[in-house]
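Look for chain A in each of the two complexes below; its partner is chain B in the first and chain C in the second.
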Partner chain A sequence: MKAHQSDRLASALLWVGASAIVMLLVAFLVLILGRGLPHLTVEFFNGPDGVRGQLFNSFYILFLSLVFSLPVGLGAGIYMAEYAPKNKLTDLIRLSTESLASVPSIVFGLFGMILFVNMLGLGFTILGGAATLALLNLPILVRVTEESLLAVPRSYREASLALGATMWQTLRKVILPTALPGLITGITLVAGRALGETAILIFTAGMNVSRIPFDVNPLAAGETLAVHLFAVKSNPLPGTNADQIADGTAALLIIMVIVFNICLTIPSRWLQHRHQGKNKA
Partner chain B sequence: MDKIVVDKLDLFYGDQQALNKICLTMKEKSVTALIGPSGCGKSTFLRTLNRMQDLTPSVKISGKITIDGQDIYAPGTDVVLLRKKVGMVFQNPNPFPKSVFENIAYGPRIHGESDKKRLNEIVETSLKDAALWNEVKDRLHESALGLSGGQQQRLCIARLLAVGPEILLMDEPTSALDPISTMKIEELIAELKDKYSIMIVTHNMHQASRVSDRTAFFLSGDLIEEDVTSILFTRPAKKKTEDYISGRFG
Partner chain C sequence: MTNRKSWVYLNDRLARYLFISSAILVSLIILCIIWFVGMQGLSTFKEASILEFFTSSKWSPDNGKFGALTFIAGSIGTTIIAILLGGPLGLAGAVFLAEIAPPWVRSIMRPATDLFAGIPSVVYGYVGITVIVSFTGKITDSPTGYGMLAAGIVLAIMILPTVISLSEDALRSLPRTYKEASLALGATRWQTIRRVLVPAASPGILTAIILAMARAIGETMAVQMVIGNSPRFPDSLGSPTSTLTSNIVMEMGNTPFGSTWNNALFMMAFILLIIALIMIILVRTASRKGAAR
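Now for the complex of A and B:
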């Protein structure tokens, strides 16, 4: 085959691949949102079977899990990228992180149940759920942080240190701002996982919702939207519109993830812009 | 007055010796060029003078380097102050992904300057001293990455001048630049040497003869010969120097 023919063929194949992704996304949104949006009424949130509590719990658990995992995950990632010497120990840490990152989430769920629900005797709680979710996300956060920091050119570090900056100043003023887009992607990734996670939360946060609206007690049981979707679909209670609730919940979950990503991306773009000056080359 | 005195400097990467009993003296407000083939140790030597070599793991250094009479490898030496005094320009221009202004203001800021008016002054004088002011004065708040390679390198020099150094180390500062940009940097070096002591690594012998007062020739980790530039290039004392400058190897 002639070179330009194979070039054209390759372009065509790649184009088909890319458009398939877009069409898939459109089909997905049309189907899920199309079925679910009509059910998103005030009744859907506030009625007797309303998901107000689940919606609140989803964000509350997400928030708590990020509070637990971000400082440790970012800290460990920064240490691995910038401070850790290259030796057997750090290789071992890296290997452990990678292995933990590929553990199925339901196994983490079981671990959380053994540790928080049984051994510590907390029962099904928001706290236990958030802590287990944090454990699930920790290895990914460490990896993403390390990779984003290592992607910052070495020459930036040299320039800063050669001007007499300390390691900490270099990290704070040059490396972290440059790595910010990568870090935000990482946080979006783990947050998305946390919003959608079911297996872990069934075992640790339970499938009940507090009677008090917006109950911030971390020791209350806390069913999230994703768990609720699983619950109503797999074990519909008699006398409820299980299918409608499930469709509505699925649509709501999608909207939540999209809104959450936008909320994280726009400020990060703005920060990035401010940091780099206008007209980035 | 002697600014830098290097006495019997040995440097090892692991077991491999990269510098061998280097002895070299540099006078204040002069330009010394370091020449030699790739891998001869000239850049390695340069990086011992601001202790950037400390960042490379498994480097061992012995011997003595004094700057203004102070042993820079003595225990208790403040590396931050050393690097403020002994600045470095790298082979590839490495501005931060920030605005032109923020690049220059970075150094003064980390050394504790926060007064906005003072920072504006420092940015302006540094850019003027680096002969870049006229080209960037209307785009101070645009990204430094949008400048040309030669402008970026002069920006890096301005960034360095902003922290008030006394010695400038330049590691092949023009090897990534076109001839016009190279000429501008060489003119700049000629101006800067009234105020600063400059040590420049170059693989371009014409550049060494154009910009430097003295030249040192390195080969395989040894300092073969160091002399007044015009003498070294016309009447070298050592056979190896003669072979190198006449292009017989390297």
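Now for the complex of A and C:
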């Protein structure tokens, strides 16, 4: 039976391919953590070449970019899911959101550079970096919001509207709470991606870090961890232990990614569980 | 009572306007990006010739030579290598996940591919420098290993999650009846996959491949770290060269804003933007064809 032999062979090859993919990931993690974990000491954070400032900037820029992008992204997503009529304007908005999602991050970086660094004359700032990073977040936020709102059953809306609630009341009291697990997952996804972004920030937030610990001045230049890894790996300063810093930074970034991925699953499962439990009771 | 009621309606109306304006704001952003980057980029051609920019590989801006063919060829070359390596592997992974994997294997592999997608591109570049260049140096017999092959391998890994998750979605969204009809006719699982499921899901798989190409051609940091950054035409897999993205990163810091050299770098970004927009239109056509069938 030739057909059965080729069936077996194909299955075996697909198993091999799939295990290759998983092995590749394991190799990545072992390599990066194996090289980097020994360097993650107090000295690594607080020493003269410490990355304390970069770590702070990473989260500070992430926070500001979410402050800028969340209201607009959620708003646009709500419009697309709940209000948008089927017409040319809606089509156009959808097309431009999809296009925005496909823009390479370096193009965002150059756009931010024209706008914030040169036209507004701010120079390299945390504010400009965060605002440009917000543009990267926007299309994902819109899509995630739209998807999680559309997953809410129609009957919920109809019941609320039939009781005389306005659309806004329905959204606030019924639709958004039900869609919350999906929204949280989406925001975590966006945050994870923004945290590792480099190409945008090189051209907008610069490659310098403030000497003051935990400097919250948004008009200071703010190198993040990911940018720092790029800087020490692509042009290492002679006389510093650039390789160790790079190893440690890469490991720290990977740990952050893993933590975000765990966060991605836990809160939404917990919320879903609680929600279902409440409905049963 | 009436007062409170009108307040409720005012709120409702206000919220509606807020939502519409954020949707319109999102659409305006892409237009602004096209306009600003495009204007800055196109002003290159006040002093340099368009024909030279796209057909010459002589890049020496100090002497007024603005031939960007090297970078265009580098970008296309690395993208093709990435698709050739990562496309089939990703598709195999997707078929495996959709049709073969037992649930427990799936519950390991799905989060694993998500984790791949979450790794920052600088970390891919870091792995490229620490491991992959020494490997490509050996196969291509080049002293450093930096070049198109190294960049292609790194990109192939980076596009895996895109190819896997989108192709798997396409395979899973097929009606069950396709598979059942084929199996009922006595076809084996592999025959069903090859002759029925993959062809039926081809618009979705095509979308996955196009989006993966878009990601590969626009990828910056990982490529910049392993490509070698020499403005030399990519005539072999293992010699240092440059791509559109890597050259922008290399030269942007050393050129004054508004100079022809600087504008030429914006022109390269504009080319990347146009390619990305063309890809989106291709994806839309592919998915519309899929829906029409």
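Quick note on the criterion: the second predicted complex is superposed on the first by the 229 of 281 C-alpha atoms of A that agree within 3 Å, B and C clash if a C-alpha of one lies under 4 Å from a C-alpha of the other, contacts with A are read in each partner's own complex, and residues count from 1 in each chain.
As a convention for this text, a residue touches a chain if its C-beta (ideal position, glycine included) is under 8 Å from a C-beta of that chain, and two chains touch if they have at least 3 such contacts.
Quantities reported herein were computed from a predicted structural model and do not represent experimental measurements.
> Which holds for A:Pro85: it touches chain B only (first), chain C only (second), both, or neither?
Once the two structures are laid over each other on A, A:Pro85 reaches chain B alone.
> Please indicate which partner A:Val174 is in contact with in the superposed arrangement: first for chain B, second for chain C, both, or neither.
It touches chain B, and chain C stays clear.
> Who touches more of chain A, chain B or chain C?
Larger number of chain A residues touched: C.
> Applying the document's definition of touch, where does A:Ile202 land relative to chain B and chain C: first, second, both, or neither?
Second partner only.
> Output check: A:Phe63 vs chain B and chain C. Expected answer is one of first, second, both, neither. What do you get?
neither
> When the two structures are overlaid on chain A, which partner does A:Tyr156 contact: first (chain B), second (chain C), both, or neither?
Only chain B is touched by A:Tyr156; chain C is not.
> Tell me the contact category for A:Thr166 with respect to chain B and chain C: first, second, both or neither.
both
> From the superposed pair, tell me which chain A residues show up as contacts to chain B and also as contacts to chain C.
Residues 166, 169, which sit in both footprints.
> How about chain A: which of its residues touch chain C in the complex?
Within the complex, chain A contacts chain C at residues 3-4, 6-7, 9-11, 13-15, 17-18, 20-22, 24-25, 28, 31-32, 35, 71-76, 78-80, 82-84, 92-93, 95-100, 102-108, 110-111, 113-115, 118, 135, 138-139, 142, 166-169, 171, 192-193, 195-199, 202-203, 226-227, 229-230, 233-234, 246, 250, 253-254, 257-258, 260-261, 264-265.
> Which positions of chain C touch chain A when the two form their complex?
Touch list, chain C to chain A: 8-9, 11-12, 15-16, 18-27, 29-33, 36-37, 40, 89, 92-93, 95-97, 100-101, 105, 108-109, 111-116, 118-123, 125-127, 129-131, 157, 160, 164, 187-191, 193-194, 211, 214, 217-221, 224-225, 245, 248-249, 252, 257, 265-266, 269, 272-273, 276-277, 279-280, 283-284.
> Note which residues of chain B are touching chain A in the complex, please.
50, 52, 55, 57, 79-84, 87-88, 90, 92, 94-102, 106-107, 109-111, 141-146, 156, 159-160, 163
> Contact residues on chain A for chain B in the complex?
It is residues 85-86, 153, 155-156, 158-166, 169, 173-174, 178, 275-281 of chain A that touch chain B.
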